[in-house]
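Contents: one structure, followed by commentary.
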Amino acid sequence: MKRFKAKFGEAVREAWLDRKQAILVVDAAKLRSICQFAREQEKFDMLTDLTAVDWPKREKRFEIVLNLYSFPKNERLRIKTHAADGEMVPSVITVWPAAGWLERECFDMFGIRFEGHAGLKRILLPDEWQGHPLRKDHDILQQDEAWVHENLGIESGQ
Amino acid sequence: MDEPQNPATALPVEMPIPGADEIVLNMGPQHPSTHGVLRVKLKLDGERIEASECIIGYLHRGVEKIAEHRSYQQFAPYVDRMDYVAAVSNGLGYCEAVEKLLGAEAPPRAKVVRTILTELQRIASHLLWLGTHALDIGALTPVFYCLREREEVLKIFEKYCGARLTTHAFRIGGLQYETYDGFEHDVKRFCDDFEKKVEEYEQLLTGNRIWVGRTKGIGILTGEQAIALGVTGPPLRASGVKWDIRKAMPYAAYDQYQFDIPSGQNGDTYDRYLVRMEEMRQSRRICLQAIENIPTGPIMAKVGKVLKPPPGEVYHAIEAPKGEIGYYVVSDGTVQPYRVRVRPPSFINLQAFDTMARGHLVADVVAIIGTLDIVLGEVDR
Amino acid sequence: MTNLILFYFFAGLAVLGGVLVVTMRNAVHSAVFLITSLLATAGLYLTLNAEFLFVVQIILYVGGIMVLFVFVIMLVNLDVALHQVQFNRQTWVAGLLSFALLAELLAALALARSSSTGMQLLPAPHVPAASVQGNTEQIGTLLFQNYVIPFEIASILLLVALVGAVVMGKKRI
Amino acid sequence: MIPTSHYVVVSLLLFTTGVIGVLTRRNVIIILMSIELILNAVNINLVAFSRLVGSVEGQAFAIFIITDAAAEAAVGLGIIIAFFRNRETVLADEMDILKW
Amino acid sequence: MLQEAYFILSNYIWQIVDGLVIVAIFPLLAGYVVLLERKVMADMQARLGPMRVGPHGLLQPLADAVKLMIKEDIIPESADRAIFWLAPVLSVFAGMLSFAAIPVGPGFLIADMNIGLLFIFAVSSMGIFGIVLGGWASNSHYSLMGALRSSAQLVSYEVAVGMAMVSGLLLAGTLSMKDIVGYQAHSGFWLVFVAPVGFVIYLVGSVAETNRAPFDLPEAESELVAGYMTEYSGFRWALYFLAEYSNMVVVGSVATTLFLGGWLRPFAGTPAFHFLDYAPPLVMLGVTGYCVYRIPKQTGWDQKFIMAIFTGICFVITVPLAAALPHPVAGWQAGVHGAFWFIAKVMAYVYVFLWARFTFPRYRFDQLMQLGWHYLIPLSIVNVMGVATAIVLHREAGWNPVVSIGVTLVVTVLAALWLVRAGERREQATLKSAA
């Protein structure tokens, strides 16, 4: 972790341990080069998970969370970055191909756009669906009633 | 580690307009061998696959959104509905993640019982996989044998907690139910019988020329590709990466038991089959060891009736039958989780489908889907 | 009597099938009627006591060649093809010429029947049917003794055709 | 016993039909099928006359003709497939690849 | 006119009666093969199979037939209606027409053609059109692919099957089904002992020809849903099914006639085994006895009644078998006994089909083609040459038949082993190049 700090200086904003888990918060702009470093120098060769958390009250509401795992070290590392609504986040698909579907899911659920992802389209929801359901301002009962009516021919039950 | 040869394999395929010899075949979502509502679009040259695209989401229920509106305990039954053929494993992962968030730990007796049930669940899940996989490849009989043994496991679950499929067997902090009378006896009898049954399946399939011909060299995934694509579980081990969370980062009571991690060399469908067969044997071995000596004592840690974990976040992963199932839970100090993210093994393993299927024939698609052992409830959540 | 009924049935079917082959828009329908016509021809062979040829006709023509035809039609069948004009512009000329040919040949036949030399050519066969039974053994002996060289040439022709078809059909050799 | 002339007439009709097909159709596959009709008409004649003469040589020749038809169909259809792959048509009057 | 009709009737009355009996029995037999299949499958898979309709599901075929007949008949909108209608009929037609030349017993056949074997071969090759046209007419990808696969498969395996038949009829020296059995009766050997390789090739090839597992690629449910039958439903679907099972019975009958001695009893010429003549009535009597024993165990009077009817049927079959006992070699007695042995052999052959289906996984299409072209066809050619050599050695060079056959058999088997070795090496090479 210190090595990350040393290498990227200011771009690594915070680093701490929470319940024995290493967490790094980094600048979105430098995300890709940090990931490259993590994979090549620090041997975090597997991207286990990529997801996001929505904090609507913060200035940059989305927190993108990458969970990494290193086979040689048997260690996990979490890299976080922040993005405002509509802001582009660099895609890590060139670093770990596994990010392909995970970033699509993030886009689907939160509306976060990833720069450099060629096929960024909805994955779990239908292509024409309106809204991003995992945002906090999206109510649990809310759904795209127009879509349901049009494509399924039924009135939405909600 | 090398740069994976073709990073674009993970990208969705753009389907060009087919030429004279190319047709686009749509498989599913209503197809006998897509294991649910998976839809695969195949671009074919004759019967050879040039590109493929999985279209998923037909079973999306918004589990992660539901989690934000339930209390920690209320959400526990929902995780059973994701991978509905391995509900116990899902439950274990979630309970341990929340326990980690609370800073609590289940008592030893609970841990051992959890281990036994999870391993039984692994056997049941692999049995279902074996049966359906064999059925996909055209062997009609193994599925009935497999379901016969799976029934025994489900009976144990039923006796333990009253449910067979979506069990909700564990609670955050330990167990709700004490084991029933004769639990050890049932598990022991099952394990004793099971040895011979695995032999029986192997006799039907392992040496069978047609089976070998259909599975060897099909859907090859090298170790590098598997790691780059985030593939976990038996497919990763069959690619030669000897890695299992039960050994790498032990949870529950796994550090107390002896077992081996099977692994393959070629990373083809046949190796994945062998790895899963061996895993069933190892699970049986763990069960036998655990049943010998279940510690006595309480089954529930003191976690209180209302769970209010301190703010923070935790990622906890366990080795589910399909691969690494991880829970990323964020707490804001209230009774409801702020965010629950599930890392579904089937979803990420399915991403490797395109890499595995290219250049094979249509008939191999079903073998590859089968060997990935996906459950659509988990892919779509 | 029975023979005559059978003959008219098969002959009518063969000709009707032939006409429909030529007139159908859809190539698959054409193929189905060609099969009908070929089967009817096989029936005609039966009335001629050529049993072996009857079987050969069905196995080779119907079971072999026509399967090939249907196979290819399915491979190249485009929906577009159905909406295209199926007949070229020389229909009338072709029809006229063909009917002229038909009339000519029929006239020749009629002449042959009426003329004295023709009577020897085309009477009802005087040889009793039983002795000319289209016997498998007879044909076999003939093919493998008198006609063994043509037979071998035919097999080489088939081999050449096989290789040629493979070369034509294969995308990359 | 059916007179040989009956068979000759049937054969004539089939032959003419086949000729009309060859001359008027645009689809090469149907042209090939019409050729099969013509060959068939010839076969009927051969077999009928073989009965008339009282030997099976005509039948032997009919077998040769069927063999020939098989060879012709195989090569012809092979050409059609190859052509279809390049030009996506099976129409005879569009097969003008020589003047291309 | 009337006279002629009378002449036909008086001359062909027995053929007509035989024909009616055979045409009535074989579809029923096909229906009961379905029941047999389900029962055998259930037995192999540790379950019971149909048990509800009639005692032990004995009326299941009838119930299925009724159900399929009154089901809604769906024709897809974009299908070619005429051909969609024609295709299954063609299939059944081809299957049924083959029965015309099958000798169930001495004198118990519809037509004794001197080209009987070729006739069956020709007619069953017409069955392809039912499948191909049906697949095309459905206008669906799965159906078309099933149809194309099926035609390619049938054409490929027809060569091997034809060659296997040739090895049999070279020995018998005739194409007439009746005379083939006659030859086996005369020589005292079933042809399976003389040309075992031919029989094995025929067995494998006939499984492929009837589209049965492990060669059921055209209707592989895990890949092509149901292949050419995907869009069919109700009665048309039933026709396809009937055609498939009739074809099984037909290939079973051909194999029985050609290789397994047709209607002949095992050891037909050996006096020491004449006690086997008592087997048919005793077996049927045993079945009857078992049925009687089961009657009281049925639940409900209706089930008991049906069981009693079946007991009666078994007994009615037993009576002529027993009545034929004193002289079971000629006349109607031989016909009845011959029919028993014939059907028993056909059923044994069909059982092998079922056995294979529930044991083996399915081949992939390229593997299937490889098996046909790389193994079966070369082997069948070697086999034909071997049998021909044996005949020449015996008839021209005057060798002992056992020696000549033994020598050529060894050569053929060696060729087979060499083929398998070469194939394995080729597979290894492709595996290596793939990896």
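The letters A, B, C, D and E name the chains in turn, as written, and every chain counts its residues from 1.
Note that in this section a contact is a pair of C-beta atoms (placed from the backbone, for glycine too) under 8 Å apart; a residue touches a chain by one contact, two chains touch by 3 or more.
As the structure is a computational prediction, the values presented were derived from the model and not from experiment.
Colleague: Return the chains common to the contact lists of chain B and chain E.
Modeller: Common contact partners of chain B and chain E, which must touch each of the two, are absent.
Colleague: Highest contact-pair count belongs to which two chains?
Modeller: Summing C-beta contacts for every pairing gives the maximum at C-D.
Colleague: If I average the C-alpha coordinates per chain and also across every protein chain shown, which chain's average lies closest to the global one?
Modeller: E
Colleague: At what distance in angstrom does the C-alpha mean of chain D lie from that of chain B?
Modeller: 62
Colleague: Could you give the separation in Å between the centres of chain A and chain B, each centre being the mean of its C-alpha atoms?
Modeller: Chain A and chain B have C-alpha centres separated by 24 Å.
Colleague: Between chain D and chain E, tell me the centre distance in angstrom, where each centre is the average of that chain's C-alpha atoms.
Modeller: Chain centres of chain D and chain E, defined by C-alpha means, are spaced 36 Å apart.
Colleague: Provide the list of chain E residues touching at least two other chains, using ranges where the numbers run on.
Modeller: Touching at least two other chains: none.
Colleague: If you look at chain D, which of its residues touch at least two other chains?
Modeller: Each of 84-85, 88 in chain D touches at least two other chains.
Colleague: Can you tell me which residues of chain C touch two or more of the remaining chains?
Modeller: Expected reply: 52, 64, 75, 135, 171.
Colleague: Where on chain A is chain B touching in the complex?
Modeller: Touch residues, chain A against chain B: 18-19, 21, 39-40, 43, 45-49, 51, 53-54, 65, 67, 71, 74, 76, 78, 93-94, 96-102, 104-105, 109, 117-119, 121-126, 133-134, 136, 138, 140.
Colleague: Which of the residues in chain D come into contact with chain C in the complex?
Modeller: Residues 1-10, 12-14, 16-21, 23-27, 29-30, 32-34, 36-37, 40, 43-44, 47-48, 50-52, 54-57, 59-60, 62-64, 66-75, 77-82, 84-85, 88, 90-93 of chain D touch chain C in their complex.
Colleague: Along chain B, where are the residues that touch chain E in the complex?
Modeller: Per the touch definition, chain B meets chain E at residues 23, 25-26, 31-33, 47, 134-141, 144-145, 148, 204-205, 208, 210-211, 213-214, 216-217, 220, 266, 361-366.
Colleague: Using the touch definition from the top, list the residues of chain B that touch chain A in their complex.
Modeller: Residue positions touching the partner: 1, 4, 7-12, 14, 56-57, 60, 62, 64-66, 68-69, 100-101, 103, 227-230, 232, 241, 243, 248-249, 312-315, 317, 324, 326, 328, 330, 338-339, 341, 343, 347-348, 350-351, 380-381.
Colleague: Quick check on the complex: what are the chain E residues that touch chain C?
Modeller: Residue list for chain E touching chain C: 1, 4, 8, 80, 82-83, 86, 113-115, 118-119, 121-123, 125-126, 128-129, 132-133, 136, 144, 147-148, 151-152, 154-155, 158, 175.
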